[in-house]
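The following block contains the structure, expressed as structure tokens.
Going in written order, the chains are labelled A, B and C, and every chain counts its residues from 1.
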Amino acid sequence: MSEPAPVEVHDVTVAYHTKPVLWDVDLTLPGGKLVAIVGPNGAGKSTLLKAILNLVPLSSGYVRVFGKPYNEMRQRVAYVPQRESVDWDFPASVLDVVLMGRYGRPGWFRRPRAADRARAEEAIDRVDMTAYRDRQISRLSGGQQQRTFLARALAQDADLYLMDEPFAGVDALTERAIVALLRELRKNGRTVVCVHHDLQTVPEYFDWVTLLNMRLVRSGPVDEVFTAENLHMTYGGRLAILERAATDYLKDARGAARGG
Amino acid sequence: MSSHGIIILTGVLAAAACALPGTFLVLRRMSLIGDAISHAVLPGIVLAVLITGELNSWPVLVGAGAVGLLTVFLIESLRNTRRVKEDAAIAIVFPALFALGVLMVAQFASQKHIDQECVLYGEIAYSRHDTIMMGAFEVARAPLVLGAVALFNLILILVFYKELKVATFDPAHAAAIGLSPVIVHYVLMGSVSLTTVASFESVGAILVVAFLIVPAAAAHLWTDRLPVMLALAVLIGGAGAAGGYWLAADIGASIAGCMAVMMGVLFAFSWLAAPREGVLGRFIRLRRSRTRFANALVLERLEHSPADAATLATTLAWPRAKVDEIVGFLTREELVVVEPGGMRPSPRGAAYVRRVVSD
Amino acid sequence: MIDFFDPTLRNVALGSGVLGVIAGALGCFAVLRRQSLLGDALAHAALPGVCLAFLFGTHMGLDPKQPLLLLGGALVTAWIGTMLVLAMTRTTRIKEDAALGIVLSVFFGAGIVLLTLLQKGGATNQAGLDRFLFGQAASLLPRDIATMAILGGAVLLTLFFYFKDFQVLVFDSAYARSLGLPVRRLEILLTSLIVVAVVVGLQTVGVVLMAALIVAPAAAARQWTDRLGVMVLLASGFGALSGVAGATISATKRRLPTGPTIVLAVSALVLISLLFAPRRGIVWAAFRRVRTRRRVRLENLLKDLWRLGELDSRFDALRAITDLMAVRSALPATMRHARNAGLVAVEGTGIRLTKAGLVRAAAIVRNHRIWELYLSRRLDLADDHLHRDAEEMEHALDSEVMEAIDRALGRPTTDPHGRPIPRGVPA
């Protein structure tokens, strides 16, 4: 039997108090793909990630991760929160933060073992941060902080990565490095789901896109779903300029793909 | 005036004087700065008393009030070093100053009429013995001073009303139209300093926090409008002070302590009964909106795919009884139409969903 | 004369030291969670608990001064206070600052009411409940210290055992939950530990000033280290040090309550740490700023001399001071500094670059021009933007970065304005 889909969201509604943030969202994300969750501000993108991670209470519906409730499968899931969600002045080095990725393992609570440390250092190396391993995290650039968070997720050695705006506020070099890392993960059969803000890079970076605006607009392969009409439905008339830009890029990308 | 009357008057005037700047402290989320000031003025008061020989003289008010401003300045400087966060800066500065004040009190207690108990909970009961002559009349000093400070605060708020209001509710706009937030800030802090110093003798350094914060917070539960909130805060503070005196007389305990407790009681009552923010009103409203929300959610689901109650219960992961109850309501109100493939929302049902979502 | 063999003094120092260790360690987490003032509210909220426990003990015929009883009472009301703060901020528009202020002042008021009632009954003097206000370490009995030590030991053991959980919880609680850590339970545990630390300190420091002993050692320790583990150890040490010092001072003189002396001791530690801690110390930062400014002025002087040299290709010729003043930077102090460093030689009213000065000046000019070239090639910046930016960057770029840029540009020979990029010192 084939492996169940990494993420199934069944009729999920999330509300803060009684204000709906996600409204009856129903979708399945396929394995081994790079998935972008796209939508306007306040569309519930981060909330969708949190719903998958069982971090917010659901008003209705349920989520399955690899066919099971999240709590049974959390060893296979790694979360990369928004960089702004933490206080980077916290007294910790890069290695300290990355080691946190090993805390979810059973039997961790004595001290991190040599194997955990080795895993953490390997993850730091994969994001090119070895030179900064012992540096205090407030003395890192935005891009380096994001790499630290990615390394922490890598140290979890998961099959499904859920990333909340990994490209927000990073330099061009880091952006390229992250893209390379995502592709490497895909090559190894991992699934990555990113909340993403930059419409222009969606077709270049991702295989699958989920358009969200409180309700699910569409979810599917980028070249089927990432169309002007769907973007219009997602953003309303609000972002006409952005939308046109995205369409142009899409055309270019397709042209390039066809040509290449 | 009877001695009871004088004590009550003193308490009510202290409450009024405190409630006015207190309202802005609560709205500007600076309650704990008020707490810090009320503690930190102590060394200023002791020093001024040692020099002038009496509490509540004008030099004491001004001198100790300046120490209050110094406290605010110290907290801000400490935070601006970016080596400690604001909450820690507050918790470092005011205990240090207060500790200094307590040590001074402990060392010089025997010389002047200021002691540790007075620091903690004031000596409002003595206000009836402490009088000055005004022309032919013998007037109690404490209510006179507190009345003057209350009046001063009122005038200050009237003069700076627009500035305070804009700077409190929309600091960005305030800066844009050229109001200096720093000046507004220090005017308010000056008022808080002066008021805590004036109230110190009657209610002590710690209980004055109750006078500053509690009535204003209680008033905030009843209203959104600034003038109403100011008036209500004064009213609640006055009622708390009067009620506290009555309680203290009845059980024979610390008057200032009882006043603080009474203000707490009034706050608790507001927390329970205020129509919008109160626990009861909230509970009722929450139940109503939860029901509306659940109805809308079922309608939304039916819009995507028509279904019967059993299917709904599985897809929504809800108990069957809950779904039946909702479906019953939707059918009665004709928000759904029953078709062979299952229920689907009627036009009225669609309108219902839109209303709930846009609420 | 301080006599540490005096049993009272030993008790006092021991008790205050134990307290300092506990408060310092737990305080780190309170400070990092930005809950510094929760400790203050908790301490005040404990006062009615102490009084109620005393009443309860008297009523039930127990020994009302039994420390566990009093601490138990304090724990209960402090917990109720915390829950009220939480409930208030969750269910109403009241913000955390006001909620803390309300709980703090009303609970304290209730404590004062109970205290005056007990006083009227003549009970407080024998109970010594007023020591809970400002602290009186001299009133610590051996059994009080034993209780403190046992409670403190339990707290520290729990802290040691859950250290990693608390670390990830405080840094990033959403991530901690995604790992499957029981975040809600850990939060309650951590808050409970802080409550215990506060309550343990009440008799020594008093409810009014206990907040300082939670916050100040942690704030001081943070200045010395960037590691959480080290910070906790340091804060414990600072707490113990100020506890012992403060209590000892208080015990040497009459009418010196312990709370204020301990708080002043720990405040002094904060001040010292803020000013003199290596790297984060304000004094060193100011020194560094002054040094950098001096270096920038010096380098500008050398650069100006170099540029004058370019005009007539005589790099180490004597230049008139007035020429330099006209360019910019020839301040007397800078010139003195440059001469002391052996970079320039002053002769009469003139000044010239020495051998060492030439080397240094060439390096600065090279940095400046390579950076301008880099900006204009890579970013297409307009020429007039280049100079101002390079003016700052030439002093900041380290040689490794410069070398990389130089290599990437293919070791150019002229800058965007067509001026030569010096590749060595002219003979």
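Note that a residue touches a chain if its C-beta (ideal position, glycine included) is under 8 Å from a C-beta of that chain, and two chains touch if they have at least 3 such contacts.
The shown structure was predicted, so the numbers you read here are calculated from the model rather than taken from an experiment.
The interface holding more C-beta pairs in contact, when A-C is weighed against A-B, is A-C. Seen from the Cα centre of chain A, the chain whose own Cα centre is farthest off is B. Centre-to-centre, using mean CA coordinates, chain B is 30 Å away from chain C. Distance between chain centres (mean CA atoms), chain A to chain C: 34 Å. Averaged C-alpha coordinates put the centre of chain A at 42 Å from the centre of chain B. Looking at chain C, one finds that residues 222 touch two or more other chains. Residues 10-11, 13, 15, 17-20, 23-24, 26, 58-62, 214 of chain A touch chain B in their complex. Residues of chain B that touch chain A in their complex: 286, 289-290, 292-294, 297, 300-301, 304, 315-318, 357, 359. Residues 50, 53-55, 71, 74, 77-79, 81, 85-87, 90-93, 96-97, 100, 103-104, 108-109, 112, 136, 152 of chain A are the ones touching chain C in the complex. Chain contact summary for the complex, chain B toward chain C: residues 25-26, 29-32, 34-35, 39, 78, 81, 83-85, 87-88, 90-92, 95-96, 98-100, 102-103, 106-107, 109, 116, 120-121, 206-207, 209-210, 212-214, 216-217, 220-221, 248, 251-254, 256-261, 263-264, 267, 271, 277, 279, 282. Residues of chain C that touch chain B in their complex: 31, 34-37, 39-40, 44, 88, 91-95, 97-102, 104-106, 108-117, 120, 133-134, 208-209, 211-212, 214-216, 218-219, 222-223, 255-257, 259-261, 263-264, 267, 270, 274, 280, 282.
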